[in-house]
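Labels for the chains are A, B, C and D, by order of writing; each one numbers its residues from 1.
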Amino acid sequence: MGKHQATDAYTTSELLSVMCSRVMRDGLIIFAGVGVPLLGATLAQRLNAPSLTILFEGGIIGPFIQPGRLPPSTNEMRTAEKANMLLSPTDVLALLQRGYVDIGFIGGAQIDQYGNVNSSYLGDHRQPSTRLPGSGGGNDIASLAETIVIMPHEKKRFVETVDFITSPGYVAGGQSRAKCGLIAGGVLKVITNLCVFDCHPQTRRLSVSALHPGVKIDAVLDNMGFRPDIPDNIVVSEPPSLEELSILRGIDPTRMYLK
Amino acid sequence: MTAHQQSAPDTPAYLALRKRLASRNRGLRDKTTSLSEAIATIRDGDHVAIGGNTFSRTPFAAVWEIVRQKKKHLTVSRSITSTEGDFLLAGDCVDKYMTSWFSQGIVWGLSRVMRDYVENGKVTYEEWSHMSLGMMYRAAAMGIPFMPTRVMMGSTMPDALVTKLETMSCPYTGDPLLLLPALYPNVALIHVQRADKFGNAQYDGLPFMDADIAMAADRVILTTEKIIDNDEIRQAPDHTKIPFMAVDAVVEVPYGAAPHECAGCYDPFYKRMDDYADFTRRNGLAGALDYMREHIFEPRDWNAFLAKIGVEARG
Amino acid sequence: MTAHQQSAPDTPAYLALRKRLASRNRGLRDKTTSLSEAIATIRDGDHVAIGGNTFSRTPFAAVWEIVRQKKKHLTVSRSITSTEGDFLLAGDCVDKYMTSWFSQGIVWGLSRVMRDYVENGKVTYEEWSHMSLGMMYRAAAMGIPFMPTRVMMGSTMPDALVTKLETMSCPYTGDPLLLLPALYPNVALIHVQRADKFGNAQYDGLPFMDADIAMAADRVILTTEKIIDNDEIRQAPDHTKIPFMAVDAVVEVPYGAAPHECAGCYDPFYKRMDDYADFTRRNGLAGALDYMREHIFEPRDWNAFLAKIGVEARG
Amino acid sequence: MGKHQATDAYTTSELLSVMCSRVMRDGLIIFAGVGVPLLGATLAQRLNAPSLTILFEGGIIGPFIQPGRLPPSTNEMRTAEKANMLLSPTDVLALLQRGYVDIGFIGGAQIDQYGNVNSSYLGDHRQPSTRLPGSGGGNDIASLAETIVIMPHEKKRFVETVDFITSPGYVAGGQSRAKCGLIAGGVLKVITNLCVFDCHPQTRRLSVSALHPGVKIDAVLDNMGFRPDIPDNIVVSEPPSLEELSILRGIDPTRMYLK
């Protein structure tokens, strides 16, 4: 990740986790992977969202994440510890289709101006330069839920058009997402270590909505392969509070994810 | 009505499908056999579906034996693929791989073997969304030729498939839908904590897609940590997840998922997985082949493999 | 592509459906309430789906309370209907009944009340095949607008429905298919052996269609023999059948399925069912109304009803 | 039921149960209701088909029926006693759709010349004279499996055209079943207390294939509302053997179903 925001006070992953946690209101149901979204969710649960519920694609509903015992994957029994229910992946993903999930979190190797995410192929998929691990539940989340993309802010990742759309955002912008058949969901935010984007309500292009503390817009632009919308009303993110950081560090005392 | 357009490769005609099922002896009979005999029933060119997920309840012994028996031209499907996929590819067993994700596991990063095979066009690789693969098995398990769904549209994924996917507008609601063709494996490999000799299988923890895979397949090869008495099954029939009539072979294989985990029996043997990762990190595909020679082809039997990796078999 | 033809009455637009779900507080919160308050949330005109089957794990207390509260114009669906259907009809609660079979039970023969209502056109009666009703709930539970199936074709059943059923030819195989529209109840009534205060429900024995009904419905009212601690649920999450986030009200009602059975808790109270059958055998609908006055409207509360029929409540 | 066959040696239901049992070969999977088919299946299991499997629509796979403890219904826990597996009705009926079931058994109020069965409405369904209990799983079985219909041999039941097709046989005869969309299954036999019918391979009309011991063809015709095919090669059913009757009576010692 870029090192722009690694101040003395907090690391990049701490910043991302705090930014994630702030979108998680009490009572929401989120679909997450391990790592930053899980840290954010666990922080939110401890801080002000005790009834927030986490789903994992392995088939897990409402696990109880204990400080110091963060799970290493979304698809094994450690992740299922003290869950409320275990389902097949098919059925837990069908909850997205039924509309049970308020926010899904995904990542990927590339993201483009319309929030489409690639986690499949770099280069032409018929003769790729790199075959990546793939969608997993990413396509399902992006197709069926309001989605937040967590992405390191790097030029090679923020490309005008992704090589391959694994997890569709707003596809070709405008109304194209719905025209492709995706009548629900869409990219809610893209959270990076430098800023937060949302998508312009008409064009559906990425639009800077907040800069993280100490970040200049030039740093955002210098580390992207395309120019996002830059509206007049960009705010500065509230910096992580001492309370947030203290709880977060308690959740991951061995710094498994808090690099 | 939508006109008859094209047959997907994995959707055989309904009557042929029923005939294959009817030809099996599905009665309540003893199906216990050895690992090698069970795997010997798999034919070159079969579609083999693998139960479990990533490194959880993987039918590892069964896959290990497939590689040893040098099966060829298989289609292999698994919702999320870990090390077993490396061995099947590097063992030259696979013509087509269907999955939603392929890596030994997040902590070990990209699979060097899979990259080698896909990037060099040595395997037909179909990437499906995780739910899509599950729904394709489910459609097959339910005896319907497709499952309507709301995913994979707007993505590039359908363009990268051999299968040509159909879409439709719901006649009731007008909703755009993508139709996932039923996926009928020839053989399902499933590993469970306990089963009786007839093939009634019970498993604990995460269920994954195993029940749907078993009912979707023409035949099921079941490996189990333990064979229990049918009376125990009948005392808790609401815990049976796969019925005997879907199962064709039952093999007792303690630690049959090792080095992956089997809930309630053993945790993942992370160190043993690190060992394999070291081989490929150093030498890519060649490293995988070195590992396979030492760990798959050289051991006398499965227990010798377990001893080799430092896991003590009960049997 | 099949053109948009017509909306089935029970298939609301996908976005409206999602909006209804999103408007619920689905968080992990205490949902315990009283039977009367839980049932008071049901609105006249709602579609109420009933869990269990025939006289097994019927949410009898919940139905009893609906009749007491004189709900009107309900659509009621249940895969196989027993006495509770008589009470809902005779209680003038129902405009439309959807089921595959309607009789108190084989040993008691035809329902005089149902015959009176259907033969005299006093209720809209939709007969579905048993699997069809199950698949309609399942489609709804999975968030898809229909389920393709191979039943009900060639029969007169589609002609006797209000719902106009669509058919299609499978674009992959050419198979003729009947499309069952997703069935979204407004409220599901489910009775289980145990649940926690959040609504995580576990049941034993025959599962019936309860899990699909719960996920299909906008809201779930759960009655349970016993409220257990959430810790107990979390110790065996692979036994949870309905997740808390689908549930809106949890009511502890010992003997909540009586006089029907609840596996592991009590057998059917056959004598008590004979008693009701005697009322209708003698006087048809009037006999049912007599029974209902004595057993539904006059008792002070559910425990008084249990005492009246000679079943001892624990509470 | 007609009393023609109630000889000294066996009752009507004993005869029907024995006739049912003889079609149940070892290893088959049958879908049955309680009553005659269950008696027949249990007899077959004891006699020569130990690995015969019974499914019930309540969601039950392979129950263990103990002599003297016959279940009263297909949808409650007593029926589930010592089963191998319990499923939802949806899933157990889907086994029919998947092709797992060799023979399904159904009954009903009326049957017609093409083996269509009515268990829904007598008279016009828009204003019926009698509303019957309904399909239950009957339509599913008849649509998806080779089906055997068990029917008391009565004039009011054997009608040229049923008032309502609940469980389709060969619909309007000939190829009409497949043309309606039912590409698998069909009526294998109709077993009554007087005779056995199969369906003519071309016309698909009921055709007498066997007369039960002591039954004349006139008795068959006198108790039907239409004339079935009467081929030259009608056989006489082998009468129930003492062994069959003895085992059968042991299975239902209280004569719960053996009226």
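By our rule, a residue touches a chain if its C-beta (ideal position, glycine included) is under 8 Å from a C-beta of that chain, and two chains touch if they have at least 3 such contacts.
Fair warning: this is a prediction, and the values are worked out from it, not measured in the lab.
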item	value
Chain pair with the higher count of C-beta pairs in contact (C-D, A-C)	C-D
Euclidean distance of C-alpha centroids - chain B vs chain D, Å	39
Gap in Å, rounded to a whole number, between the CA centres of chain C and chain B	37
Centre-to-centre distance between chain D and chain C (centres being mean Cα positions), rounded to whole Å	30
Residue numbers of chain B (touch at least two other chains)	14, 143-144, 149-150, 167, 175, 177, 205-207, 238
Chain A residues counted as touching two or more neighbouring chains	80, 86-87, 94, 96-97, 144, 183-184
Chain contact topology (line, ring, star, complete or other)	other
Inter-chain touch pairs (all)	A-B, A-C, B-C, B-D, C-D
List of chain B residues in touch with chain C within their complex	1-8, 11, 13-14, 143-150, 166-175, 177, 179, 181, 204-207, 238
Chain A - residues contacting chain B, complex	34, 57-60, 72-73, 75-78, 80, 86-90, 93-94, 96-97, 120-121, 125-140, 143-144, 164-168, 171, 176-177, 180-184
Residue numbers on chain C that touch chain D, as the complex places them	53-56, 79-80, 99-103, 105-107, 110-111, 114-115, 118-119, 121, 125, 127-132, 134-135, 137-138, 149-157, 159-160, 167, 175-178, 205-209, 211-212, 261, 263, 267-268
Chain D-touching residues of chain B, taken from the complex the two chains share	14-15, 17-18, 21-22, 25-29, 140-144, 198, 200, 215, 230, 233-234, 237-238, 240, 243-246
Contact set on chain A toward chain C in their complex	26-29, 50-53, 61-62, 64, 80, 82-87, 94-100, 102, 144, 183-184
